[in-house]
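Have a look at this one.
Should a chain be cited, it is by its letter among A, B, C and D, assigned in written order, with residues numbered from 1 in that chain.
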Amino acid sequence: MADPMRIRAQAAGDKTTVRVLMSHEMETGQRKDAAGKTVPAWHIQEVTATHNGKQVLSAEWGTAVSKNPFMQFVIKGAKAGDKIAVTWKDNKGDMRTDEATVT
Amino acid sequence: MNIFANWAVPLALTLLSALPVVAQKTASQGIDEYRAMLADGNPAELFEAKGEDLWKKARGPKNASLEKCDLGKGPGVFKGAFVELPRYFADTQRMQDLESRLVTCMEALQGWDGAEIAKTPFGQGEQNNVTALATWIASESKGQRFNLSQNHLQEKTFYEVGKRLFYQRGGTHDFSCASCHGEEGKRIRLQDLPLLSKSPGDGVGFAAWPAYRVSNGQMWGMQLRLNDCYRQQRFPYPGFGSDATIALSTYLGVNAKGAVSVAPALKR
Amino acid sequence: MQSRRETLQHSVAVAGLLASAGFPQFVHAALNKNAFEAKSVQDAVKAAGGASLIESKDVTLTAPDIAENGAVVPMGISTGLPGVKHLLLLVEKNPLALVAIFQSSEALENNFLTRAKMGQTSDVYAVAIMADGKALWAKKEVKVTLGGCGG
Amino acid sequence: MKKNTLYLAASATLGLMVSLLLAGCASGPTVAELDALTDRIVKASFRTQGIANVERVTATDETNRACSEADAIGKRLDEKTAKAIEEANFKSIRWPADGKFVGDWRQGEAIAQNGRGLTWTDDAKMANGGNCYNCHQMDKKEISYGTIGPSLYNFGKLRGVTDVNSPEAKAMLEYTWGKVWNAKAYNACSNMPRAGHMGILTEAQVRHVVGLLLDPQSPVNQ
């Protein structure tokens, strides 16, 4: 099981900025290990987010996104107390969802 | 017909239409800008969260939490502990830094084999957990000023030994810590080098570690920071929690007196 | 080219996983596999549905002039234009150019930030693919420096 | 006089560690005792790993010993000691066997860029780097350079080297070779590694680095 994400969702006026940190190796598939063998790609492929249960974000990532990825997006109209959930899924089928409350 | 043929054409136009005569940024201004863009969202937060969880969770052969661990301010007190370490511990009768003290607690409270953890390479097994724990404990002193004790004779002695280690030249390259950290305003490649023979100021040097290294995506505690300094110095390998690393930490920590801790920081 | 059958199988598997785990449904059915496997910026944009390429001042790319380390380079895309379908970030000299695709959504501003690996100094592209197939782009060179002791 | 007792005992909790116990001191240990304790702590703390032998720190030479001691008390070496160290290091310089001082500046640039080699994670078989850019500005196009040492941009040009084969250039060729080979021959406690003397660079590599510094065609001299 992957480690939890850190999600911060801060409302300012009618916009909520969501910042997400995810715990993931993001192995490119281009790197070789000490024995000279290529380390297979292992990376987050899909990211989605919901606002009070309704999907708002859908993104796809390649191998170039940095290790322990960071992502920021802006939701229109969310307010303090609303629930933001983020889900990622990697190319091995592993996935993780975490939730945060808008402050 | 290739619809992408005109891809590069507008480049010249872009350059021409750019704002007139913007003073050329220096490389270090550029680096500062880069760091500012990364300031929000330090992946060290992931390790903080993990460390807090590890502190509270019942684990190890004794299935106990670390909540009674004494980091120098009494059992269970973690706030402010980081900025007073290393210090002398009467129960172990030795000088300990944060990481070696955490191992003592993991052994005493949870029943782990401390020597085994000390032998485990960084980034593996329980060493990973020690780093996460240290990251969280450090974060609980964020904004506080370093204030190491120099009351106990061993604390004074370790400062003196640490000072000698700081200036000890050796290895194939004749490097000492002071080769890079003994003068103000120097840099290696593009990285500023803090002067560590006195307080380098708030959030610099000793007051910045544990830190997340963007270059390798790893969380580093002070033990690994010193270990890798020694590696780059072409020295032999300093044991985890060895007296040399703790004496050197004592020297750096005492020198940092009054500096505000920003740990866990974000580093190259 | 990914066959239709593979695509279907893949999305079924994903949907199954999601349903069984109680996760929210992914809106799009298939991944832009070809776009992520493309080597060049042009091929990746084309595979993601961008037809005609036009440089545009209405697309903003946020990226530093210089990166202290290529392992983590902050980059973002934003635009105030209406009619955007996807927003792409790409690094020209990476082995595979495409970094990320963000779907435009009614509920979101077209403003996304992430961080990417860069193997070397390169142009970074922000591309907004519009509903009509136009691919509006902005670019900037990011210098990747060698830092530290180099060991 | 009551003597301070210093001794080391293996720690009960962590086998690798040593514990220091000081009994009955009012004034604390003397300088000599602290020096001896530091030596013992170094011996107990460091171990051989990969190609990095423990002797690299337990058996350093007189140059490093004298300079470390002076650094720790914040004083310069006295003139006599400094001279003696410089002379000893100068004598150890190995001059090019074939009398050829200047190599290929292109290879020199690659060596100057390379900061690898001789750490415990390095392989003994690989060629070591010179680490030059870590501390010095050299080719002006390289913006990622350190400032621990002086800028070497236009090193040869500023010293009037227009033809490396001319008799006038000879002294500068020798100085540059000697400085790269063993910097301590010219400044006893220089921060600069002794690239040739300590086996960091081979004779051929030193030749290329000298080329980078002195060849009028080298980017350093543009």
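Everything that follows uses one rule, which is that a residue touches a chain if its C-beta (ideal position, glycine included) is under 8 Å from a C-beta of that chain, and two chains touch if they have at least 3 such contacts.
Computed from a predicted structure; not experimentally measured.
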item: Relative to chain A, chain with the most remote C-alpha centre; value: D
item: Result of counting contacting C-beta pairs for A-C and A-B, higher pair; value: A-C
item: Centre distance in Å when chain B and chain D are each reduced to the mean of their C-alpha atoms; value: 26
item: Centre distance in Å when chain A and chain D are each reduced to the mean of their C-alpha atoms; value: 46
item: For chain A paired with chain C, centre-to-centre distance based on mean C-alpha positions, whole Å; value: 14
item: Chain B: positions in contact with at least two other chains; value: 27, 188-190, 214, 217, 231-232
item: Sequence positions of chain A contacting 2 or more other chains; value: 26, 66-67, 70, 72
item: Residues of chain D whose C-beta touches two or more other chains; value: 119, 131, 133-134, 143-144
item: Residue ranges of chain D touching chain B (in the complex, touch as defined); value: 11-22, 25, 28-29, 34-35, 37-38, 41-42, 44-49, 52-54, 56-57, 60, 63-64, 67-68, 71-72, 118-121, 131, 133-135, 143-148, 184, 191, 193-194, 198-200
item: Interface residues, chain C side, partner chain B - complex; value: 41-42, 46, 51-53, 55, 62, 64-69, 71-72, 74, 115, 139, 143, 145-151
item: Complex contacts: residues of chain B adjacent to chain D; value: 27, 92-95, 100, 103-104, 107, 114-115, 118-119, 153-154, 156-158, 160-161, 163-176, 178-180, 182-183, 185-190, 193, 231-232, 234-245, 247
item: Touching residues on chain B, where the partner in the complex is chain C; value: 3-4, 6-7, 10, 13-14, 25, 27, 30-31, 33-35, 37-38, 188-191, 214-217, 231-232, 268
item: Chain B-facing residues of chain A, complex; value: 3-6, 19, 21-23, 25-26, 66-68, 70, 72
